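Below you'll find a set of structures to go through.
In the two complexes that follow, subunit A is the common piece, with subunit B as its partner first and subunit C second.
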Partner chain A sequence: MVDAARAGTAAPAAVPPPAGRPGRRLRRRPSRIRGRQALAGWLFVAPALLGLGLFLVAPILMAFWVSFRDWSGLAPLDTSTPTGTENYRDLLVESGVVQSDFAKSLRNNFYYVLGVVPAQTALSFFLAVVVNSKLLKGKTFFRTAFYFPSVTSSIAVAFIFIFLFSPSGVVNVLLSALLPGTVETVWLSEFKGVVHTVLGWLGVDTAPAFLGEHRLMGLSYWDWLSGPSVALLAIMILATWTTTGTFMLMFLAGLQNIPEELDEASLIDGATPRQRFFRVTLPLMRPTLFLVLTLGLIGTWQVFDQIYAMTAGGPQKTTLTPAYLIYRDGFENSAMGRAAAIAFILFALILAFTGIQRLLLRRED
Partner chain B sequence: MSISADLRRRRPARAAAAALAALLCLAAAGCGDDGDSDQGAQPANAKLSMYAFSSSPAEDATLRKVIDDYNKLGRNTVTLNVLPEYDTALQTALAGGEPPDVFYVNDNKLPDLAKAGALEPIGDKVDNPNDFYESLRQSFTYEGTYYCPPKDFSTLQLVYNVDELAKANVKPPTTWDELSAAARALTKPGRPGLVMGPEFYRWGVFMAQAGAWPTNDDVSKMTMDTPQMAQALQYVADLHKGGFMASPQKVGAGWGGEALGKGKAAMTIEGNWIVGAMKNDFPNLKYAVAELPAGPAGKGTLAFSVCYGVAKASKNKAAAIDFVKFLVSSEKQLEFTKQFPVMPSRKSLAEQWLADKPELKAFVTGADYAKKAVFIPGFKTVIDTLNDGIQGLAAGNKPVPEVVTAAQNAGKEVVSG
Partner chain C sequence: MSPVTAARRATGYLVLTAFALIFIYPFILSLATTFKSREEVAAEPVLPWPLNPEWRAWENVLVHGDFPMWTLNSVIVTVGATLLRIFLDSLAGYSLARLDWRGRGPVFAAVLAVLAVPPIVLTIPRFLVLKEMGLLNSYAGLILPLAVDAVGIFIMKQFFEALPRELEEAARIDGANIFQTYWRVVLPLARPGIITLAILSFQGTWNEFLLPLIVVRASPEHWTLPFGLSTLGRGGAGGQTFDYPVMLAGSMLTILPVAIIFIVLQRFFVRGIAAGAVKG
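Entry: the complex of A and B
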């Protein structure tokens, strides 16, 4: 549909001009007017362009430049020295703490994305369908209730979660009531990856030789496969809880855009509710789904505030993320150049993931 | 662009005038601390800006009062900016090339700032510079240059619950063996006797007591792989393993003071700041401060400090130095620290400061043998890695050799480069 609309507006320009001299003259005149119009157009957008250039393009170019320099960030930029690609090499190639920290941050964030994106998408879709159903009473109430976490400050929510997950917090009280014995888990200090934990139950406590020996970016395959730590899992639950409301609104808007006739037509054709959902509603929701997945991917790869407030990268670096690493290197370790390099690697990563996801969703068409 | 260039060109003239005025003022006897000068010389008044972080509302108020006193002298006018997210704000100002004239410098940030050339070395320009504790002077010395005079300082010592120790018939421990015994005696089911944060800035006291340290004295070589270091780490890790010692998080507290206040520990290892926190949050708890036990290599603790830095890029350096001299003068420093738990950085003031709080003597005594916890630029990554290992030791999932190797290797990258 979008394509058709675009073709529609483009059509007049594509119509070939009538042949002959008068035609040519006719053609030239409007083009002159258009030239003047173009100038006026540029003049009109100039302030906006200037603003974008100054506040968007220039800083990005400057950050890119900084990523090739050694700059402490504690003195003006002209005191920095060029280092070529050293910042990138330290992060990606040369083995050392810098590299293994970056690798850990990538691993953590990867598991974070893997958990949060599907969870928040599925949950928000489900909530949107519930709120959209004709039978539900008090829709406004539920809509507001579900959206509420999204309008709350993420730092405030993070602090509430710290209390919830503290050793004497609600989570432990609840679990103690449900389970035999008392639960005294210190959730936010639990560094063990869930995959490692599950393997531990199966009797695999240490790395099998083939996983323990090989390393990628300074981290053994065994460490790469750790899964998110329990502390990170708590942050993932928090993130899912806070973002679901926003995405629910998007799905809701998408659902309300589906013409009712389609649903009724399928009903007349004898489709079961299940068929109606999977064959009618879901395909029509693909654009919204794409939007939600894309926004979800971008947002989750940039997770920072919850980590800053709750764990500061700990326990044992299992909640380090690239975005938090940018802050740590730039403002605590006085390595602004490296921080800028991380930012650009993260940018490339997000771009790649979004591209892959676009390809996958398109192939299903 | 052109506007700022213009401004930059114009400023030096103004700055020079102010500096000249300040110099004249310094030369003239009438500009001293006595009140006479109020109406006296009216030099071109330099406008100074100062950045500070907030320690507590009461301390902010005292800082404001001291600055008011200075402004009343009529030499210069200081505007104070107390900032949340201090490091970020300061860094942005420094990167922008328009830093405040005077600002707080945390000791662990000093090497980075000094290396970046952000600081004017003024350490020896204040009155009686040798009166400051030598370890503090060292904290603010980078590559042989002593940059800024310390504002005040804190040391780490053993803080304990008086009633609990009395009930268990335990005396404040003076050796490692006694500490183990005390922690064991004070441990109840599900509650450790001693709580301490799992980080180098706490565990470091045991390293010092064992004669170990992450690096050699001039930070030119990593020394994590010594038997003394292994001994220190093993000692603390074993206490954790036995359940006699734990991290604050483990008992559901944010830090050692909270654990002590809530009765989730009978002892903790914290610095002077615990006094203010206990007064505010747990006014009814009876606690006392004792010196940390001596280890195999004797007594050991860490000192933390903040100094008054003067920006190299300041346009009013002479005026800024004059202001810092005022701040660290014996009289003002005593006024600034008297009502607070932090200690004056001048040795000569220790007695007076202790006069009305003899119970804090252990903190002052610590100054004699405290180590500075300041290394070289970029060392933060090593500390992060060491902390990572220490968390592993506290949780019991990492063996000592692994922690030592990780920190040693992380340090090699920074120390050699």
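Entry: the complex of A and C
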């Protein structure tokens, strides 16, 4: 599963309210035709509704039921036993390895979102503004080049990045050329968090007493504050690289919607380029910015393919994410009930985060 | 041209070229690596052309391995899902856009609600339903869940609403029934919309990884290209033992069809994205 952006889908957030307009005119026609239209209308949507119902709605209801049961996924479903809220309690309340793995996955994904969403948004906006500049030619070429990674297979791209980040790969060669000494980082095996690493440089190698003693969901405060591991950092770079092109196209579409007169008017009024960007362009781009942030947030909380292909949750569980945990618990550990419970917690989390973001961005208006 | 403008133009090109390199160089390097020997890859990991070109990796991929079978499976699944999706999505989109029936509002609202479900949440649910229906380890299990999608219905509905109504009315007056009007008059007019949908669907289905992972994991003869590819090297700790030329040749093979379509039909890709962005 890829971020919404890679899938290239039209935006869920971009949906206008259902229009009641079409067909109005036909209402005045004789009722025989209306009756035929009603029948055809239902017949036309029936197969699509059946498909969505069978593979989307029914599965979700069934999975919600399973999340309150103990089921291996191997035996028939009716041999599963009800366990009440145990799956949810194991994940959120009862201390144990289930809870601490889930806590780690939340921590990792949180840092992932915190890094990737701002990076992809800022970079794609920046590139869109440069590509859109009237001074430059060759727009089509650059647009194509930037967007190309977004349409390719996630697994193929993950393999390319395994190669780039291999111990003797391009990234290390490049860093060795730029930095003093030889860089021999084994990126995808490096589990130390970047915050811990930086603190280490400052002489803080072990947890201060307060951070080491207190725990939340089975993880010490010190572990919560580790930052993303170097391995996760490589995946974050990959994610930014593959999604920037799509978001750049969205920003470009937004920029091209800004009426030219506005730009010219501000130019005549003597606005500097900086003023024009912050006072004219940026306010008009708010809807696109909101869309990109929402899609970014939804996409980054679902990171799976790259983790599966590159690190499988390792090293030291620092690239576990809730999405990967759903797969691991459900299909490798035969705990389908718990995997379903994780899926619903993740669903709630995504809804909550997009809701909070909506509130924050609305309030500024 | 003033010196300031010239300087800004130069900076602009510099920025664009640097980023074009960042986005494209990995693909060029990977392609070159498929023609290198493993020793050469270790010695010259950065050079974007092979010094002693060899065909070993491609022979492995195209002749000896399972790649031809995986490619065939990918073609079957992608073509099947895309054809079904075009037909079912456009049929539903037309009904929601143009036909007059009670309950249309709530049905469209339900389709929009489905859009909000994050795909990863469907991992376990889909497995459950396909298992109960006995569709695990089959092509039907790979195709049917992708045969309808809410985004496609939405795109087609938008597209039909923008078409002029007169031709349909003329066809009706000439005695065509509703399906004939849709099939002979409306669908041909909707070609650009259908191409956009076909491309979105082709790209999405061809690259799909999660569904084959949960549906046909246990049945190698149903593996698709991305899933088969993933079995070549997983969880790359250290990565010293990987056969990079073969891994990357497989990756290039997986990327190639989408790349060709992307380059030929680029404007339709852009249209699909732009439609979503402008509506926001």
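Please note the rule applied: the second predicted complex is superposed on the first by the 314 of 365 C-alpha atoms of A that agree within 3 Å, B and C clash if a C-alpha of one lies under 4 Å from a C-alpha of the other, contacts with A are read in each partner's own complex, and residues count from 1 in each chain.
Operating definition for what follows: a residue touches a chain if its C-beta (ideal position, glycine included) is under 8 Å from a C-beta of that chain, and two chains touch if they have at least 3 such contacts.
Quantities reported herein were computed from a predicted structural model and do not represent experimental measurements.
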Please work out whether A:301 is in contact with subunit B alone, subunit C alone, both, or neither, and reply first, second, both or neither.
-> second
Classify the contacts of A:186 with the two partner chains as first (subunit B alone), second (subunit C alone), both, or neither.
-> both
More residues of subunit A in touch with subunit C or with subunit B?
-> C
Based on the superposed arrangement, let me know which partner A:282 touches: subunit B (first), subunit C (second), both, or neither?
-> neither
Thinking of the overlay built on chain A, is A:122 touched by subunit B (first), by subunit C (second), by both, or by neither?
-> neither
Have a look at where A:312 lands relative to subunit B and subunit C in the superposition and call it first, second, both or neither.
-> second
Which partner does A:55 reach: the first (subunit B), the second (subunit C), both, or neither?
-> second
Report for A:40: first if it touches subunit B alone, second if subunit C alone, otherwise both or neither.
-> second
First (subunit B), second (subunit C), both or neither touched by A:249 | second
Is A:291 touching the first partner subunit B, the second partner subunit C, both, or neither of them?
-> second
Do subunit B and subunit C land on any of the same subunit A residues, and which?
-> 73, 77, 166-169, 186, 188-189, 314-315, 331, 336
State the interface residues of subunit A toward subunit C in the complex, per the touch definition above.
-> 1-2, 6-16, 18-23, 25-27, 34, 36-42, 44-45, 47-49, 51-52, 54-60, 62-63, 66, 73, 77, 127, 130-131, 133, 135-136, 138, 141-149, 151-157, 159-164, 166-170, 173-174, 186, 188-189, 241, 245-246, 249-254, 257, 287-288, 290-291, 298, 301-302, 304-305, 308-312, 314-315, 323, 326-327, 330-331, 336, 339-340, 343-344, 346-347, 350
Residue ranges of subunit A in contact with subunit B within the complex | 72-77, 79, 96-98, 101, 166-169, 184, 186, 188-189, 191-192, 314-317, 328, 331-336
Touch list for subunit B against partner subunit A, complex | 87-88, 91, 94-97, 112-113, 115-118, 190, 247, 249-252, 313, 377-378, 380-382, 384-385, 387-388, 391-392, 395, 397, 409-410, 413
Counting only contacts in the complex, subunit C reaches subunit A at residues 5, 8-9, 12-13, 15-16, 19-20, 22-24, 26-27, 29-30, 33, 42, 45-46, 88-89, 91-92, 94-105, 107-109, 111-112, 114-129, 131-132, 144-145, 147-148, 150-151, 153-155, 161, 165, 177-179, 182, 200, 203-204, 206-207, 209-210, 213-214, 217, 225-227, 229-230, 232-240, 242, 244, 247-248, 250-252, 254-255, 258-259, 262-263, 266, 269-270, 272-280
